[in-house]
Structures are given as C-alpha cells and as structure tokens.
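Here the chain labels run A, B, C, D, E and F in written order, and each chain numbers its own residues starting at 1.
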Amino acid sequence: MIFKRGLYVGRFQPFHKGHLEAIRWILSQVEELIIVIGSAQYSHDLENPFKAGERFTMIRRALDEAQIPRGRYEIIAVPDLHVHALWVAHVISYTPKFEVVFTNEPLTRRLFLEYGRFAVRQIPFFKRDIYSATEIRRRILQGEDWEKLVPISVAEYIKEIDGVGRIQDLVKSDKPSL
Amino acid sequence: MIFKRGLYVGRFQPFHKGHLEAIRWILSQVEELIIVIGSAQYSHDLENPFKAGERFTMIRRALDEAQIPRGRYEIIAVPDLHVHALWVAHVISYTPKFEVVFTNEPLTRRLFLEYGRFAVRQIPFFKRDIYSATEIRRRILQGEDWEKLVPISVAEYIKEIDGVGRIQDLVKSDKPSL
Amino acid sequence: MIFKRGLYVGRFQPFHKGHLEAIRWILSQVEELIIVIGSAQYSHDLENPFKAGERFTMIRRALDEAQIPRGRYEIIAVPDLHVHALWVAHVISYTPKFEVVFTNEPLTRRLFLEYGRFAVRQIPFFKRDIYSATEIRRRILQGEDWEKLVPISVAEYIKEIDGVGRIQDLVKSDKPSL
Amino acid sequence: MIFKRGLYVGRFQPFHKGHLEAIRWILSQVEELIIVIGSAQYSHDLENPFKAGERFTMIRRALDEAQIPRGRYEIIAVPDLHVHALWVAHVISYTPKFEVVFTNEPLTRRLFLEYGRFAVRQIPFFKRDIYSATEIRRRILQGEDWEKLVPISVAEYIKEIDGVGRIQDLVKSDKPSL
Amino acid sequence: MIFKRGLYVGRFQPFHKGHLEAIRWILSQVEELIIVIGSAQYSHDLENPFKAGERFTMIRRALDEAQIPRGRYEIIAVPDLHVHALWVAHVISYTPKFEVVFTNEPLTRRLFLEYGRFAVRQIPFFKRDIYSATEIRRRILQGEDWEKLVPISVAEYIKEIDGVGRIQDLVKSDKPSL
Amino acid sequence: MIFKRGLYVGRFQPFHKGHLEAIRWILSQVEELIIVIGSAQYSHDLENPFKAGERFTMIRRALDEAQIPRGRYEIIAVPDLHVHALWVAHVISYTPKFEVVFTNEPLTRRLFLEYGRFAVRQIPFFKRDIYSATEIRRRILQGEDWEKLVPISVAEYIKEIDGVGRIQDLVKSDKPSL
C-alpha cells in the first residue's frame, strides 16, 4: 500500500455508484480509508435532502453490498462550520490520524495544501456526468429513472424512508434553508 | 370545535389580508391558535425587512382591528436555527401544547408529519396572487399601491416606522444578509 | 399613568407570587407591560427546568387567574446570546416599542442605562426571601412545601407536566448543561 | 435478541473498562449497538481532554482488542448543542434508526421518555467507583496508577498521543473552557 | 477637523485604490479613523477570498506605502453575526468611541441612523466602475490586468500569498460557502 | 532580533503593568509583536468587565504612554469559539504571519506545539502576585488601591468609562454570563 490512512470527503446526497467506484479505487492506495460525511447537520433541503444518520446508513449498506470489509474504512459525520479557514482543523479533530486526502474538489485540495501537513491526490472520475448526486436528485424530482445510478441497497433505503416524496415536497417549498 | 389548540407559522413580512383571512378560518376549527413568527432574528433585508417586535406589533394591531378577541390566540416569535431536522422540536419548546398544525407549506407539513405526533391541515387560499408578502414588498419597492393589501392598522404602522424608506434602502444595498 | 409601555424581564423558573406582585405594581405605573421570558432556549437543567413554552403557559394562566386583562400586557420569549454588549439591542428587536424598564437586577439596569434611551426603575420587593425561584426549586428538590409560593394555576400546571419529577431527575444528572 | 438496534451515549474521556463491560452487556440485549460520542467538539479541557477523533480511535481499538465484531456496533460522534429541548432530535438526525436507549443518566432517560418514541433501559454498573472517567483523569493528574482501569490498547494510545502530558498541562491552565 | 473620530467599514476583498482615496478624503474630515474589516471570519470563497489577517496586512502595507501616519487610524476586524438588528451594537463593542460614520452603503447608513447616536456622511466616489473589489476579482479570474487597480504593496502581497491561484481555484469549487 | 514577528495573547481585563513589562521584554526578542485581545465578544461580567473596544483603547493609550512606537506592534481582537481544537487556526486567520508565540499559559503553549509550525517561548514574570488582572478586579470590588497596578492612562480611562461602577454592579448581579 502507498499510504496507511486516507481521507475522502463528500456530502453523499445520496451515495451513488460514482462514490462507490471512487472508494474502491482509493482502497487500492491506502490500508484504511476515513469517509467523511460533510454538512452533517443539514437535511430536508433540495441540496441536502437526507440526514447524516440516513447517509451513514446508505454508505454502510452500499459498502456491505459491495463486500468491502468493515475493517478497511470508517464513516464519520462532520457538521459544517461555514468558516473555511477552520475547516481542516475541524475535520482533523473529528477523525483518526491520516496522511493523505483524496479529492477532486479544488477548494478542499487548496485548504489541505495551505494547512501543509498532508499529501493530496486526485481520484479518477467514473462517468461523472451521470454518477452525480445533482443528476440523481434532478431525476427523482422529474420522475425519471434514477435507481440504476445508485447501489441496489441505497435505492431500497431511499424508498423505505420515502426519500422520493421528501425531495418532491422540497421543490414545492419556499421555506428558507441555510 | 374540532381541535383544542392549533399552530400557524409565518414570517409576516409584512402581515397582510391573506394572513388575516387564514387566521379567521383557522379560528373556526380550533378553540385557540398559536401564531408563530418565524425567522424572528432577521430584519433589514429584502426578504425580511421587519424586526420580530415590529411584526408582533403588526399582528396585534391587525387582530385588534378585526375584533378577534385576545383570548382566542397567542403570538410567539421563534428564531431560525437553519437545521430542519431540529425545527419541530424547536417550535415545540417555545410554544404551549398544541395538537394540529395549519399550513400550506410542503416542508412544514412534512417535518410535522415525520415527527409523528400532530395532525396537519391545509388552509383555504384567499386571492393568493395578490395577498402575498412578496407581492407587497415588490409594490412598496416600485412605488405601486400596496396599502389596500394589508389591514389599515398595518399600513399605518409601516408608515409610522418608515418601512417604505427602509425597503427602498435595502434594494440599493449590497451588504450581505444571511 | 406615568409611562405608556414598560419592560420587565425574568426567567420565571418558575413564575411565582413575587413575580405576580411585581407585575401588579408595574401595571400601576404603565399603560401596557411587556413581560420578557429570558434564557428562552434553556430547559431541563437545575437553574432552568422549564421550557419557554411551559413558562409562557404558566404566566398566562397565573395572570388570567389574577384577572389581569390580556390587553394590559404582552409575553415575549427571548433566547440568550451570551454577549452582554448586544443584549439590549437584542431585546429591542424582539419587542414592541417601550420607554421604561423595571428591574432590580444591577446588570440589566446598567446595560439599559449605558444604551442610553430608556428610563430604568426599581420594583418594590415582596417577601424576597421566600418568593424566589431558587427557593422554590430548592423546596421542590427537598420535598418541602412549595405550592403556596406560586399561584394555584401554576402549581397545578407544574404537577400536570411532572415538573417535580423533572427537577428531581435533574439533580441526579451529571450531563453538562450550558 | 430483545431489540434490533440500541443507543448508548457517553463522552468517553477516556474510554475505560466500565464502558467496555456496559457494551458487552448491551450487546446481549440488541442485535446492533450505536455508540454515540457526545460533546464531540470539545477537547483540551479537564473534563474533556480528548478530541472526538481520538476518542473514536480509543473505542475502535478497545473493541477490536475485546474481539467484538465490527458488524455488531457503530461509533458516531455528535457535537453538543447546549439546548436540552433539542437534544433527542439532534441525536436522531446523526444516527441510524434505533428503538431503545441504554442509560443510567437521569436526564438522558427523561429526555428520551418525554420525546416518547423509545424504550429506555438501565445498564448494570461494573465497579462504578473505580471504572469512572473522572477517577481516571484524577489518577493521571496525580501520577497514580490509572492504566489498569482502561483496556491495554487505550492505555497505549493515550501514551502514544501524550495524553498524560496534556492532562497535566490542562490542570495548570486558567484559559477559559466552555 | 470636523470630527474627532470616524468609522469606515469595508470587506476589503481586496483593498484597492478606491479604498485608499476614500481613506485620504475621510482623514481630511476626522482626527482619527477606525477602519473596520467586516465579515472577518470568511475567506476562501469567491466573494471573500482573503482571511481577516491577510486583509489587515494589505491595509497596513498600503497605508504605510501611502505614508499615512499610523497615529491617524486604527484597523479592527469584526466578524459577521448575520443579524442586522444587532450589527451597530456589535461594531460599537469592538471599537474605540467614534461620533461619525462614513459610508455610501444604504443599509449601513440606515442601521446607524436608526440606532440614533451617530452622524452619517457620504464619501465621494473615485472611479467607482473600476476601483471595485468585484471588478478586481473578476479580472484576476479572467487573467486580465488587475494590478494597477491596487496599491503596489497590495499587488505584491497578493502574489506573495498566491491569491491569484486561490481565486482561480475557488471558481472551480462547488463546496458550499456561507 | 531573534524573530521577525511574535504573538502575545491576553484578555487584558484590564491591561496592567505586568502586561506592559511582558510587552517590553518580548519587543527585545522580535521585530514586531501582534497583541491578541482574546474573548473579544465578552464584557459586563466579573471575569470580563470590559468590551474589546475598551481594551483596545487601554492598550493603545498605555503603549503610547510608554513611548513604544506604533510601528513595533499590532493590536487584534479575536472572539472566543470555545472549541480548543480550532483555536490556533482561528487565531492564525485573524492575524498577520508570525513565527513565535510568547506565553506562560500551559494550554496556549500546548495548542501551538500540537499545531506544529511555531516556536513557543516563556515570558519572565513581573511581580506576578500583584500585577494580575484578577487581583486588580478584586481590589476595585473591595475599594482597595488598584490604580498603581496599571499605567496612568489606563487608570484614567477606567474612571472615564465608569469601570469601577460597572465592576461593582456586576458583583451584585445574578444574570447568567457565559
């Protein structure tokens, strides 16, 4: 293995096959992976329909379904502070020690590089145009086929908690979110 | 009466005749109504020009003008938390006990239903296109006639506190609001 | 009347006969009184056992029992900010306009005087040693007679919501409050 | 099994053998356990010396050492809000679905019972006077033997991150914590 | 001098020649100027790329370069509260005593006038279309010439901290800012 | 000089001769000093009687009185976050670049050392038992002689803003501070 422990951050609204492929690839680079669920406190808005506990459940079920051993990764939810200058220190405080960050997000990359103690690596994209949480939420809203973009266990879970109804209610709402 | 105590949530920016008609209708369904002033901490932005205390004053004057007895309702201001998963528990903590929520807002409806202890009912709309706070703020901004959309006492109060000047200043501002 | 509208701030944990006598006296000085429920967000700790909505209910029932007309006063809950330099502006934003503050609390008095726009007046004390929320909570904890220190409707309400059991649980807790 | 999924909340400052025995016992009652690390944002004060990520690491190492299968439990860190009336809704939002709460803490018990959707159960104590995080922090401070009160892997980890030095610095500090 | 001490508020993202000319002009009206760096906690987003400490450094270097004596002004960073009703009290609490506010921002003007203790004055504009922080950030993003719009020392400092690379990363980011 | 830029953190409630001697000594070690006013948002409680702006004024007047050139130091107020794990990143975001921290506070020392990018140095104490803000507040409360423990300009300023009356009011208050 190239690294002992790596970090991967997402909002997972919802967890999809692109996330799964990214995790598989990262696990070829590190002994252990910390999956951070960002914006943990938000739910019930169009960008963030699912609660942290619901996203935790999705990820666990999807990785069990993919037969990724539980000993290879941790899942940790971290709330937003909305202060970028504190974000790296905040993530560090919630997580076991890690040496490398896997991200394609330019600000995440820059914040970790400016902090100065971590390696930062890109992740190969997997059909980025369709394996996208934004695209999945759009399809759910418009009644298009979204289920094949997520692992089977995630599609089932979203239906189990009426995630489709929730997203369709959210688009009709004018309640101010964040 | 169908219910003992009901809840009705709005931002009341400003309180208008549509709100008044909704309250009259709800009072035919409940013995007592709790009127929640949402987003209580905000003021001086285009979506939220008036302070909670100003909105409290508008509602009290309008309901006195409409000769609705004070024993039939309470007015309670509640600040936003911006965390939807906590919102129902937050509203409960600020209010006397209630059994039913009157709302046409899909997210409010969903949050109370997911919480699972309350009845939720729709409210008949009253000329929804013009009895709208957004429309009233637009008319104030553009110098069109807005006064007939609000109770007389509310129109007088808005002029008394220079609400028109305030809204016209706000549109010229680039100060970041929430 | 000496003043048009006055302000009186308390935590009302719980509302007792000393509060009631203070309100009667203030109502001899002002046309209308704003009763502010401070520290509105706190509950379930030994200093603040009751929620804002529960305290609202106590005050309303006690003043109805005392036959004080609803047109003479308003009840408004205001959460703590924990920043004293902002406190007066914060209270102003939640309340209708007032000119005078009634308080025996030296910091409340000083903050309003430093702000510089309000008259501040003392309130005569009524058996201060026993009509005290601290004394009432102590008696509840130790199983002594507390009911005669509060209006009948408040004693009934506290029993209705199992306030005695709640306070007795709180003393056994080591969960960190504020 | 009596229950499908249970919840157990602690601050784990640090994780000790009493926690381990409690977890073993709870795992005889539930198929799966959610271990909540409370007060997640705090560290570096005498009551809360360790960061959430450090406490996560302690728990994982201790349960691996005890050969408790990873499939039997989840570890989830939850920050304090300091508003007890919101605490149950807040915990729910961070966690997978559960039906029962295991706690000896009277306020935790009361808050879940007032919320009204969960069973609440006591946990048998295991040498409560010495298997106590307060006692362990006291022993660390005074240079007494503390290591036998925690699992071997936790003692090693505390030494690895200089937890002893940290606690001894904290007692000399007058920097205000929470 | 017309006034003893004046206040001037900006976000200074970045500090430019328009700010410098405004300060020169204000210094012809007051003995001493307090320069408030607003939105102090924000950085690393497109509207607020620079940290408060970086903006402090820019202002100090630019005013030293312009040979404005340090005894004529103070620089004070103030974080946003996002509650406009508290903003004036918040600024007052962070600053030495002042009597006049210099601003062309209608909301800033209104908030200070509603507070009621300060004179408020307009500032003559200096080539407002190009001496604008928004225009400078746009030019940096698009690789156009921006350096001549800021003092030499500011241009050097922005390059020293890789401000150009930072802004170009931010535009590619979809990480939620405030 | 040994270092280019150093940091010195205090609450300065109030600024006293011990602080002045510490600053003189640090200025023999660094070209430029950043003086951080901590807990900036707090005032009007017994531990923190003075507002950030008042403390800024005290420090400026005292250092002018001591003829320390303004080019040798900066004064920067930083609010508390109450999350120690974020504190170093928070201070960094508000301040110009520095390489060394001067402190006798064990937690400050530890937090900067754990962060890992700064030198940390002790400061010689100057009559620590009497040059102490706690001792000065105690003397003010009890009407003992406190003025000789602070620079002349600070004693005058405290009297100018009625700091003595404020502290004496605070001790009589039972209003909850932080």
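Keep this in mind: a residue touches a chain if its C-beta (ideal position, glycine included) is under 8 Å from a C-beta of that chain, and two chains touch if they have at least 3 such contacts.
Everything numeric in this text was worked out from a predicted model, so none of it was measured.
Considering every other chain in turn, the ones in contact with both chain B and chain E prove to be A, C. The chains in contact with chain A and with chain D alike are B, F.
Under half of the residue numbers at the interface between copies chain A and chain E are found on both sides, making the touching surfaces mostly different. Most remote from chain C, judged by the distance between CA-atom centroids, is A.
When the contact pairs of B-E are matched by residue number against A-E, A-D or B-D, over half are shared only with A-E. One inter-chain figure worth recording: chain D and chain F are separated by 37 Å, centre to centre, where each centre is the mean of the chain's CA atoms. Each chain gets a centre from the mean of its Cα atoms; for chain A and chain C, those two points are 46 Å apart.
Contacts with at least two other chains are made by residues 41, 43, 51, 83, 85, 92-93, 178 of chain E. Pairwise chain contacts present here: A-B, A-D, A-E, A-F, B-C, B-D, B-E, C-D, C-E, C-F, D-F, E-F [touch as defined]. If you check the complex, the residues on chain F that touch chain A are 81, 83, 85-86, 88-90, 92-93, 116-117.
Contact residues on chain C toward chain D in their complex (touch as defined above): 41-45, 51, 165-166, 169-170, 172-178. The touching residues of chain E, when paired with chain F in their complex, are 40-41, 43, 51-53, 56-57, 60, 70-71, 74, 76-77, 79, 92-97. The residues of chain C lying in touch with chain F in their complex are 39, 47, 80, 82-85, 105-111, 178.
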